[in-house]
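Notes for the one structure printed next.
Here the chain labels run A, B, C, D and E in written order, and each chain numbers its own residues starting at 1.
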Amino acid sequence: MATPQSSATRLIPERPWRRLLHGDMGGRILLGALAVLIVVIPILNQGVSPSSPFHVSDYTVNLLGRYLCFALLALALDLVWGYAGILSLGHGAFFALGGYAMGMYLMRQIGDRGVYGDPVLPDFMVFLGWEQLPWFWYGFDQFWFAALMALLVPGVFGFIFGWLAFRSRVTGVYLSIISQAMTYAFMLAFFRNEMGFGGNNGLTDFKDILGFSLSDPQTRLALFVASALALGLAYLLCRMVVRSRAGRVVRAVRDAEPRTRSLGYRTDHYKLWIWTLSAMLAGVAGALYVPQVGIINPSEFSPLNSIEIVVWVAVGGRGTLYGAALGGALVNYAQTLLTAMIAELWLFALGGLFVAVTMFFPRGLVGLLRRREDRS
Amino acid sequence: MLSIRKLNQYYGESHTLWDVDCEVPAQGCTCLMGRNGVGKTTVLKTVMGLLPAASGEIEFDGRRIESRPAEQRARGGIGYVPQGREIFPLLSVEENLRVARTSVGRRDIPTLVHELFPVLHDMRHRRGGDLSGGQQQQLAIGRALCLEPRLLILDEPTEGIQPNIVREIGEVIQRLNRDQAMTVLLVEQKLPFARRTADQFVILDRGRSVADGRMDELGDDLVRRYLTV
Amino acid sequence: MSLLDRPREVMRRDRVFDFMMPDPLEAGRVDTRHGPILYLEDITVSFDGFRALDALTLYIDVGELRCIIGPNGAGKSTMMDVITGRIQPDQGQAWLGQRLDLLRMQETDISRAGIGRKFQKPTVFPEHRVVENLELAMAGPRGVWSTLRQHLDGESRDRIDSVLTEIGLQSAGHSRAGQLSHGQKQWLEIGMLLMQNPQVLLVDEPVAGMTHQEMDRTGELLQRLAGRHSVVVVEHDMDFVRSIARTVTVLHQGSVLAEGSMDTVQADPRVVEVYLGD
Amino acid sequence: MKRFARCMLVSLLMALGLTASPAGAADDEALVSSLRQLNEGSFDDKAAAVRTIAESGHPRAVPVLQALLDSRLYFRIGGGEIVIADSLDSGFAVTDPLSGDRVGEASQYEIRRVSINNAVRTEARKMLALAGLSSPDRQARSEAVERLLESSDPAIAERMEGLVAEEPVDAIRRDMSLAIGLARLDAPEAAIRLEALETLDGSLRNRVRNEVRRLAENDPDPAVQARAAEILTGIEERRDLWGLGEQIFFGLSAGSVLMLAAFGLAITFGVMGVINMAHGELIMLGAYTTYVVQLLMPNAIDYSLFVAIPAAFLVTGVFGVAIERGVIRFLYGRPLETLLATFGISLILQQLVRTVFSPLNRQVSTPDWMSGAIEVNAALSLTLNRLYVIAFAFLVFGLLLLLFKRTTLGLKVRAVSQNRAMARAVGVSSSRIDALTFGLGAGVAGLAGVALSQITNVGPNMGQAYIIDSFLVVVFGGAGSLWGTLVGGLSLGVLNKFLEPETGAVLAKVLVLVFVILFIQRRPQGLFPQRGRAASEG
Amino acid sequence: QEEDPIKVGILHSLSGTMAISETALKETVEMLIEQQNENGGLLGREIEPVVVDPASDWPRFAEQARQLLADDEVDVVFGTWTSVSRKSVLPVFEELNGLLFYPVQYEGEESSENVFYLGASPNQQAIPAVDYLMDELDVERFALLGTDYVYPRTTNKILEQYLMDNGVAEEDIMINYTPFGHSDWQSIVSDVRDFGGQGEKTAIVSTINGDANVPFYTELANQGVSASDIPVVAFSVGEQELAGIDTEPLVGHMSAWNYFMSAPTTENVEFIQAWHEFKDDTSTVTNDPMEAHYIGFNMWVEAVRRAGTTDVEAVQDAIIGVTVPNLTGGYATMMPNHHITKPVMIGEIQPDGQFSVVWETNGEVAGDAWSDYLPESSDIIASWRAPLLCGNYNVETGVCSGQDYGD
């Protein structure tokens, strides 16, 4: 006779990839909402006449697409901050690197339609008097290559940074601050024209992606759908990760790293792995973001941006994944609203919001919704 | 000296203490007993003011203290030796003692402390966190004594301490009781030590006070009912 | 020093991702053909001039249950720190079996090679539920990739359940470990040690904060484990030590003061003076 | 101070009757027409007019030229009549240039400034300097010689030759002979040139070096050329050495700014563990306090800093306490969340300042005693404001150290930050300590603001510029260690200043950042780590 | 329809790092709109400002440009300051076919059908300034100091070429770049002092941006570099920037602009008085970009009047050739390349924070979109008049490249 299983062990999912959303109300809502958006928005945008009150303008589609990118970025940060306890103040760097990879592709796509009409060199290079394409621009005329790089470049930089930091057991605020230093250094470096990334003005003037014109509403719509899909998939991936035993190890590292180590887990490997994964997700977010805003420049590396990402996650609700995604979208929506409605006062409102959220909803906005813990 | 009446306490939504009553007579040593997790530490923390009481009264020295902040209770004469030592890990041993000492407006360390635990003097420049477990326990007791309390609360003070010092601690408690008129509230699992040291007992079970009396009245049936698994 | 060692010496930081090293678990069981499973020879550890361990030499045999006692600050926990790789001694040798040089291994590898430890101050994962704590401790591969794919089969579930029963925390299985009382955490630590199923168990003050009956249960448990495992117990509770002890080692000021059966040790005047009291 | 010296000079010149002939009507007329020329001609005409005025010997020549230099010379719109005007609260007080008498007031729509350019200004300065050569005031003479040295020509040298013998002050005499020597370098006889060269040996002045180099490169006489080359090497060598000294000074000064900005954070973040993103804004508030203090005491700018320092400390301290009591105290035990809340506060403070003071930079004046430089020699001068900032940084450091070492505050703060509950259980009022400490950290940030107002912008964004560096310094030094902040700040400053000439400012900054990142790998707890068992207890 | 107000979008940062410069511009446009409304509006319709705050965040500029054009359906936008922000909104304006009036001097190398460049291009500022230094002050050595980004880099590149063409040796040109907001100028000023202490007359040409200027000038003053030793001529330092600096020690340093507040014309005095009234503060200053907006606004008003509609194409068509008075006594004409004609002036800093004009071009200079001093662009011209209708026409190859958003 089998021993009667205590109900407690049922808390541990059998296989992390099965019944992924079990007990994850927020996640279901998030994915449901994404699914609805993917279906409804194109219809409302393309199928409904612009005069109808149900029409969704191209502008709104574009805006939504970008919020989704921010949501994805917030999700990536939540993975390291909420689950592994690594507060990164430099995640904007990975986002921007992904963005630059995509930007380079878009730049190459301009071809000879640039201002100076050079078939190979982007305008800023012609202008700076460069004779030939620097080696690190090779290959970016291929979409697949750029897409790969949007994953790999942030991944590799994340890996190097993480490798250095985690093996020397740099933790806590020390890690946060050097991650900030990292993105700051990136920013200053990318400002330099000699770097070959367009200096302060960055990369802009994009024309088309995969042969579709970027100013075309359909392309916009496609990018929006792509962002929504990316967010949905990334959510499922993250969910799987945190539900797996590896996810529990990562949380253990967050709460008691030395103890985890003494159980035989190479905590540095775990941190490095989740950090790199997160950096890659951030890179994807950046790559999707750039064609939708039409510019990527070094101010994306600015430390302030990275701090803002942290704020989104905290506002949404740290350590819940869907909360972070919600925070990323909502805070940006609030900024859009406020900057247009009360242009002079919006910083008061936003600052006040941050203070209020921390004080009254310590677990973020989702803390409001969730009554019971449902960690898995 | 200290009386607790109808004390209720919650951790979030879970009700931990249910109408706990406990009387600690002055100059005596009362031992709070019970199995793991019944709420002994919770009672002590509530008395100390580190946890808020949901309802009930705590009277110390004839005055109600349940709404006072912890630091006032400490300065008002309650010394606390927590479970798990809780020393300040990055302060030196001496600084650990001095922190407590400054609350009574003094800079010197009472001789009693060094007499009791000479190791604290030998290692006064070492960081508290570097001490061995037992040394930390001694430091925690010494720190509480620096407050020159009238009521000393000890949460499993003998945990991790070598036998001869355990015995000594027992004697000290009695001496403090006797000579310094210090009242002691003790949580102790080890029955022999409790019997030796305390003269009153209160038993807690699942958050309720279920029995109390003089130590010599603590019979086998009570022990079996409440203190064994 | 070979040419190859030199760069390794230079590169050596306390964390090296030596993917290259053979996995000690894969590398086969610990070689104990020559008797002792744990060798400590001439271990010295000092902190700013203070000698916490002073030329300590100690052997633990396979399947032995060894009690270690000694005054506070004698160096017992420090010894465990050395064995588990948390502290690098200034000098000395530490081997697990014949082949594994503990001083050259990382903490994680030592743990995976089969040394488990219960800490003096109970340390659990406060945000994880009790069952998750046990699951994390469960023996098995520790790599990122494997834990990512691992799932909990019925067997493991049974194992967790039985340990849960053993440590008396059935009813608390789903609560977060941070919410446990001190004593319950002690039990959980023991439970985690059981889940780890190591060859060598280092148990630092297991019965602190336990009632007499619990103490007896712990004693039985440890005695049951001995034989299949080697168990090193540090404890100040003499009743407990007496109830389980076969060989007792007394540490004092970082080195062995006396060793032998409980009775001999108890009778040793030096032990009485520094430790037991009269 | 300066103005005072000028007045002295002017009145003394007049008293001594430097200008021989008594003022007559004819002179007045000549002056008036020159003055008109000052206003109406081309800039070349104006320069000529300056010369004419100076050479006219009119007793009012010096004050008029001085007024021209001080931009106090105006003309009336319409009439074109030249007046001296001093701005009042509204409008101007008008003085007659000929008599020096006050003749009434004018509004800003009635008069316009006489416009001059640098050439005219240079000419006027030179003329005034020439007049100053024979001033009885030692300071005035020394300034005059100094000025003329840079433009010495045979005519001036001749003038000095007449004076050098009577000059009582050694230093001035030396400078005069330098000027004479410089002029003689163009003498046709090689012997004179050689002799002149000798008088120049030992001087580190730019002009001397340039002239000597000119000789070393193309003097027709080989002996002169060789000697000049020799002297030139000597000069260059010594200048290089002093250059190194200058670089160290720059480094220390940059470092002291860093550490001053970081001290407040070393307390709030390093000791209390609050990630205070509003730290930069507290610095900004300190700077604005300085601005307000100067607004309130416009006539005592020289002393304003002595009021501003305590005022800034108090104002930001009070803000700090308010922030702590209002927000942060609800967040202890959730250190990372303080980041979010204080970030919100920083946004609010920034916008508050924008609303109250406008988004523009505010002008904070530097007291006279802080402007300029101490000239160690011609190759090294230490700017006074920087020097004072360095001293101030060390003073603040000393006081903080004293506070933390000598009082129990430091002890209690550390106890509270290590174990809040237990600190309370031993009688430490954690809430009071928290408020005090945060207030102290904020107050120190305010002090940094006062110092920064003397070297950089005072505007709503100034806080942003320092927050990252401050965190970096604290972490580099080791959180929780004041000494770490000191050493960290100074070494980063010096490192930066030594890199800068090699790599340029941008790359230098990047390299410093990379250096810190790599350094933290080596010492994961900074320069002055808090080690111990506790840190690794598991 | 007729009753609807005409909407004017204002796209200037009110927060963040650029607020310091841009806030005044937003208010200028508001003032101009107010004045226009008092005079009966435009085409009999009221003008309504739509203000947003892009918060110094470049992507947000693009977002809000889109919002203004697509959502608020504004008829024209006045806005942006930095070239990055202009570049980031440019595709939006081209795609949605809006009108942008850009009020700040910039590096050139651009001409869009949808943008009107009201600020100076390098030939309207940098080149004349350097001419002045060489011809009037006999400067032989040049230290080109700039913030490390595109405007200074481009300007310096043009200047370097220009100086060399004029026989200045390479070692007599020193180029140095600093990060944004650079605040520690000690070493650089000291280097420049060395560079300038070699005997030849030296000048600093500064393209230092924004906040970095205050510490730069402070350091100059403290190290005793006065205008008579090494004068500075700056391209981004105006009355507003000086408001935050103690100008006493800076007297004589120069700026090159197309407008100075001290211009003694009645138009200017009226403008200043109106501004003071609008701000209710007689101490606020006016500056060159404000004048640019003044000119641009009037040009747009005039073009709308001529076209009789705010329709974008019609305005684009009507505005070329529109001439309005500027504030310094001359006229500004919108050229076919969407740049305008401007007088160039050199002003010396006065102790009260104003400039006194010491030199001025004879009449106005037309803005050149594509610099003649850069080999890449010397063959390129722009004209938005038929038949060319191209912002980027290569006269050598006869190819028009660049724009494809246009229609």
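We adopt the following convention: a residue touches a chain if its C-beta (ideal position, glycine included) is under 8 Å from a C-beta of that chain, and two chains touch if they have at least 3 such contacts.
Keep in mind that what you see is a predicted model, and the values were worked out from it rather than measured.
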Which contact partners do chain D and chain E have in common? A
When the mean CA coordinate of each chain is compared with the mean CA coordinate of the whole protein, which chain is closest? A
Interface with more contacting C-beta pairs, comparing A-C to B-D: A-C
If you take the mean of the Cα atoms for each chain, which one ends up farthest from chain A? B
Compute the distance, rounded to whole Å, between the mean C-alpha positions of chain B and chain E. 75
What is the distance in Å between the mean C-alpha positions of chain B and chain D? 62
Quick check: how many Å separate the C-alpha centres of chain B and chain C? 30
For chain A and chain E, what's the span in angstrom between their mean Cα positions? 36
Which residues belonging to chain D are in contact with no fewer than two other chains? 350-351, 464, 506, 509, 536-538
The positions of chain B in contact with two or more other chains are 130
Please list all residues of chain A that touch 2 or more other chains. 168-169, 188, 191-192, 256, 258-259, 261-262, 344, 347
Which of the residues in chain D end up touching chain E in this complex? 43, 70-71, 87, 109, 112-113, 115-119, 121-122, 125, 150, 206-207, 209-210, 214, 246-247, 250, 253-254, 257, 350-351, 354, 358-366, 371-373, 381, 383-386, 455-462, 464-465, 496-497, 500-501, 504-506, 509
For the complex, which residues does chain C have touching chain A? 13-17, 84, 86, 107-109, 111-112, 117, 119, 123-132, 135-137, 142-144, 147-152, 154, 157-158, 160-162, 164-165, 170, 173-174, 192, 196
Seen from chain D, its contact residues with chain A in the complex are 269, 275, 277, 327, 330-331, 334, 336-341, 343-348, 350-352, 355, 464, 468, 471-472, 474-475, 479, 506-507, 509-510, 513-514, 516-518, 520-522, 524-526, 536-538
Where on chain A is chain D touching in the complex? 87, 161, 164-165, 168-171, 173-174, 176-178, 180-182, 184-185, 188-189, 191-192, 256-259, 261-262, 303-304, 307, 310-311, 314-315, 344-345, 347-348, 350-355, 357-359, 362
Write out the stretch or stretches of chain A touching chain E in their complex. 57-59, 62-63, 66, 112-117, 126-129, 188, 191-193, 199-202, 204-207, 214-215, 293-295, 297, 299-300, 335-336, 339-340, 343-344, 346-347
